[in-house]
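The structures considered in this document are given below.
Both of the next two complexes hold chain A, though its partner changes from chain B to chain C.
== the complex of A and B ==
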């Protein structure tokens, strides 16, 4: 702990804290809002152009929801028009039938949209993303059915006329077309800012991690299901806000404005502009609403064009138009500055007899295959413990059971004496277990630094929730593996060997209690393996508790204090490296049984 | 009682349609990990092709049917080339989105060609049907049930007894391994697309005389196929068939005893119920991603 306390002042001064600044983008919002007010004075008070602009602004708010759920979190929702409709009907029915003030009705509509989003999300999102797609399409269809058939509530297919804009004292000025447009645009500006800031927040990074690799997200401490539900709920809320404003804008709504087709319009807008960026989505929506309105001829066939556009965008322009622009913008280089040492020692200590991680009687059967068949071993604090064995001996299964990706058939896993056998992966990570994967699992859609930041902000880490410290810790971890200069690259563009180091840095940044390395040398060339060996020895020098699975005997011999050997899911040897490696059963397992029977 | 039997017969008939479409849907999931959101459009195009061939070109019904199904198989390959092939290396989500794009494109192209007013397609038989005890068996429903039984048996034979079937199965179980064993995986995937589209097209042709031919047919049928697939168990072939039948029966009974306007809502309610109570469906297995 003392090491960390000393490091803090250095961290706070580091220039990279710009990345974590609380005020980032605020000047932009202020300028945007001022520009909106200025624009309001020249905007039309009624007429066609006003209508197009109001439609574009309210649609764009709903599209921000798609950015969150699809762009950030990778879950496909095809019911955004339904949530938009719930918001719109909230305002319509609330003001016209219930006589509520505009903003109260809008709040109710938004709450209803969010609540329905949560219900759908909670039932669906434990499963893969395509389930949400199917369920939201169904929901969209049912929503239209209900709007058309529940006439006593919704007024049926005729729709709701005479929706009033805000008429509260103090808000009366919003009843005019130009000021109401100003309200829509101002809301859009604020929401765009929030969605943009979300992307670089802890929650936003968690969403992107879930999008890029659910399994790795769970092992970096992210509650995957909860993050998905939040993303979807948020997107429903944004749909509701857009819809509420839409109802006020047009004073008349009807069921056919919120059909599946409109969900597709919103989706196309997001994809066209670039679904991973709020600015892209903004651009795409405005183009999509304004262009067909300008080219009246397209009105007949606009959905054909949208359909074709969706395919073409997916094939040729996966990041949308904003992607084209953003990829050409220069990235501000990371300011050089002192990098603090990685405070590995906060959680480590000298080698001791204290047990860090212990498994007893651990078994995992896949049908009839006994991948693990009652394995015991204990990893002592501050040591490097190697788990070796021939192919198919159960090593990786063992790590997967230990980190919670598989449920054991029998046995017990204890971390620092606490039973973690039945905890989900992210809760094990919260208690200090970290791992890497044999086939590298990084979050490929985000930068090297962001990947490592996700590791640093794992719940339970001492600095989690302190944005500046998270950046500093991530940089320190990258520095430790000598990749600091690559911090702002997209992680997928790094060479394979470097990706391994990023994965290790991600684990280290979380100051783990115990680190599990699943075949870290797999796929590395000899010089990379050599460098890995040096890195592991440095880690060992810091006293980090490590369990390493590998085939490379050379590497294992270099670093291991203790070796456990598995074969056919059973432990066949356990002890100090030299004695274990000379053990006849181990030799036989690796090299085959000497033919003693024949000789005898 | 006789009404209930009558409804069960109708439910099984409509359920057989859902089963066929759902089967095509599941085969694509298994062969190529493609969740095809345009599956319903296959049925819709099939029905419109039949309108074109049997009514506008006045071909004999069975000839038109064979040509339409063959054209659908070709369309399946075309569909794969446009929506799946260029994106196959980029994971599941981009392909899903491009099939959504394709469904919108197809639907609205047909809308431009044929307009919104529904077309009428006559049934396979001229005879109205058979009276069996208390149940009147409509000839089109009989044709649907017979075709479904025939196709499912045929598919079983092809999958289990022929080399092509084994190759298709191998591809759906493990593409990489199949490829290493010298199975032309790309061809197998294209065959699956062709078969899936033909199956969907045939289902559309069979159901069209009962429902009219309109562009709304596509999404309507696709929704039922999704629901059938989740009820039966995601990616399960017997699940797709039984899920489709169960859905057809529940929907028919629901429309008769509860509410006609909300007929299409029953599929959704069943879908949500299964997701909450038994997300792996009737036959699904809990599949863990391999680390």
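== the complex of A and C ==
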């Protein structure tokens, strides 16, 4: 029986596959849609209550866009009302001026919103934080000015009246208030489901990785900029859908419905309920729309109330109202079950003279500081190569240049003979280079398992794109570092030493050829260090090449086949461990005392 | 009366107790090491003392005065300085400014005296001298650690809480740091030390405590801890024990 055939039944019965099930949540959607139809039969056909419900439903669709761009991907957008407006004007101008059918006009509006979202994203997402916020505000303000002043196209400040609901044969029933409300709610149900499922998809995990740690995301193979642009475009599309339905709901729109104020309302809805969860955002939006309508006396000061809500929630409920609810929901534990071992551990490959990773004349200057000043060394395939040296001697800089986080001032880096000097980090990862960080860089907003899954689905890995296999591979990597029982904890709640193991598991799950470990033993006690040494030794003999930076000479002696020593950015020794560690320059610059004492 | 006395300390993150009723005492002028595996509660103990983690039960007394319920900055003014794990230096300030800021708690001390004490830190850490004007973010991990320890010492505390001072430091620097910890004590500062490098920690400590999943397992002089086979195997490293 082949190994593959053995693995299949395990896959089929393993509870892990539940996490990757194609049908997850589908029963919920069906129930939601049936409930919507049932609700339609009792909903009002016109009047004030109907209007409030239609506003809440269409706004909530736009808020789902904020969940994607801000909640998942961590990019602030203060222009969601503009995309909402583009969708609304698409329907308004398309049906009233161009005489298009409702759905054709809506499609055009959504495409326009998505296209403008992509253009805005492509031009601004290289900016971070505050700047992105400023640029999106500018876009929002410009949009309002265009709506008001380009009268020949938009009808100007008077707005567009007489927008008709769907009237094609077969869709005429949607013209009634209750059925149109049903259409809005049904769309909301489906979009909420899609956004919820997105969170557990490869793309959604990539977004969350970008949100939590851009550097680590890039070195686990994620194309950071592209993921941000996709999130931005998707958010604009959802804004456009909400806006298109909004225009049909109210039959009259005008520029002041899509101003900056409304962007703030949408953002508040998301934050109030919990921007990282579609259910939270839904809850927050509905409350935010319905409450002020119920408290009409406050209308004069409603922005003050919104503002106060944002502040109070930010202070007291950083995860929104949904955070309160979600923390009280029972977590279904992941039942234990066997998974196949990491393929890394089943393949074989002895140490060889073949060179896996080579740097030549590598230099990196920071202003006048020569962090690396012409360093050469070669790491042989299947060996453990240690890079040691005093603090500030350039070891971490060397790893950062090798993985593409820094551009070298001079020199060349070759991975299995191929020049990778000018590749961005995620393309190096795609070629089998993995790393861990000295200052742990995990994706703190997601679970241990999800962190490791992101490692497993790096582009170029054999199982990338197969959800069930990715879960299994991640569990296997957690088995290897003995953290399976912590799989569903938020990674930030683990003790420091365990977080280091999660980083190693994340790297191993991607089945790398070459692994760079930056001080993996820091923060471990002697017994744990010894266990780490054993773990690294278990990795030897499987064809994995390891470059390790560490200050623990017991560990280095335990695992290293070869040692390179740096001092002030230059190589001062290179060779077999015994020779190097007894080298007088190394003792003077680094070890301080004869080795016997240091190892005692 | 001990300088620092902890009675029945219980602390909690989320659902579970991280500390389950710990008793601990540090005499004036002592160096005490807190050992244990990852997740045992060592850092939480230090964070409870300095007021960064609220505790749900128990008392923390500094020279008989209760610290419980005080804000972190008030606890610093009482003479407790905490050098946290992971350095946490200010990335946008120079090394000198980072160190100087460590003296912020000292009221009524002249600028000149603070500057002189800062100079003193550079003589303790000569490796930092050439980096005096370098910005925090440009330092390597080990250099940041030295700045963090220097910043803690600038507070002239009665008791210095050191969380993993050897983390990420080269062997030569680790030896210097521990020599320095001995030096600090000679100048009259008491030290409570959390350290994974048990060998180095017990070489300077007068006494050690071993924590296990939030409870106190054993306490004693370094030779007593070395002599306990169970502790040695679990926390001090098999290889070290053979020496």
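Everything that follows uses one rule, which is that the second predicted complex is superposed on the first by the 570 of 600 C-alpha atoms of A that agree within 3 Å, B and C clash if a C-alpha of one lies under 4 Å from a C-alpha of the other, contacts with A are read in each partner's own complex, and residues count from 1 in each chain.
Here, a residue touches a chain if its C-beta (ideal position, glycine included) is under 8 Å from a C-beta of that chain, and two chains touch if they have at least 3 such contacts.
Computed from a predicted structure; not experimentally measured.
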| query | Put the two structures on top of each other at chain A: do chain B and chain C fit, or clash? | reply | clash
| task | Pick one for A:566: touches chain B only (first), chain C only (second), both, or neither. | result | neither
| said: As a test of reading the superposition: which chain, chain B or chain C, is in touch with more residues of chain A? | reply: B
| message | According to the stated criteria, A:551 is in contact with first (chain B), second (chain C), both, or neither; which is it? | response | second
| query | So, A:481: does it touch chain B (first), chain C (second), both, or neither? | reply | neither
| said: A:498 in the overlay: touching chain B, chain C, both, or neither? Say first, second, both or neither. | reply: second
| task | Considering only touches as defined above, state whether A:454 meets chain B (first), chain C (second), both or neither. | result | neither
| Should A:127 be classified as contacting the first partner (chain B), the second (chain C), both, or neither? | first
| request: Scan A:525 for contacts with chain B and chain C and give back first, second, both or neither. | output: second
| query | Between chain B (first) and chain C (second), which, if any, makes contact with A:396: first, second, both or neither? | reply | both
| Touch check for A:68: first (chain B), second (chain C), both, or neither? | neither
| query | When you line up both complexes on chain A, which piece of chain C, out of 25-33, 79-87 or 97-105, runs into chain B? | reply | 97-105
| message | Residues of chain A that sit at the chain B interface in one complex and at the chain C interface in the other, please. | response | 396, 438
| message | Under the stated contact criterion, what part of chain A meets chain C in this complex? | response | 366, 369, 389-393, 396, 438-439, 493-498, 519, 522-530, 551, 553-554, 589-593, 598, 600
| remark: Note: in the complex, chain A contacts chain B through residues 74, 76, 78, 123-124, 126-131, 133-135, 137-139, 141-142, 145-146, 148-149, 214-215, 260-261, 264, 267-268, 271, 300-301, 303-304, 306-311, 314-315, 318, 396, 399-400, 405-406, 437-438, 441, 518
| said: Please output the residues of chain B touching chain A within their complex, sorted ascending. | reply: 35, 37, 82-83, 86-87, 90, 92-94, 96-98, 100-109, 112, 219, 222-223, 226-227, 230, 234, 261-262, 264-265, 267-268, 271-272, 275-276, 279, 288-289, 291
| request: Going by the contact rule at the top, pick out the chain C residues touching chain A in the complex. | output: 13-14, 35-39, 43, 85-86, 127, 138-143, 145-146, 164, 167-176, 196-199, 233-240, 243
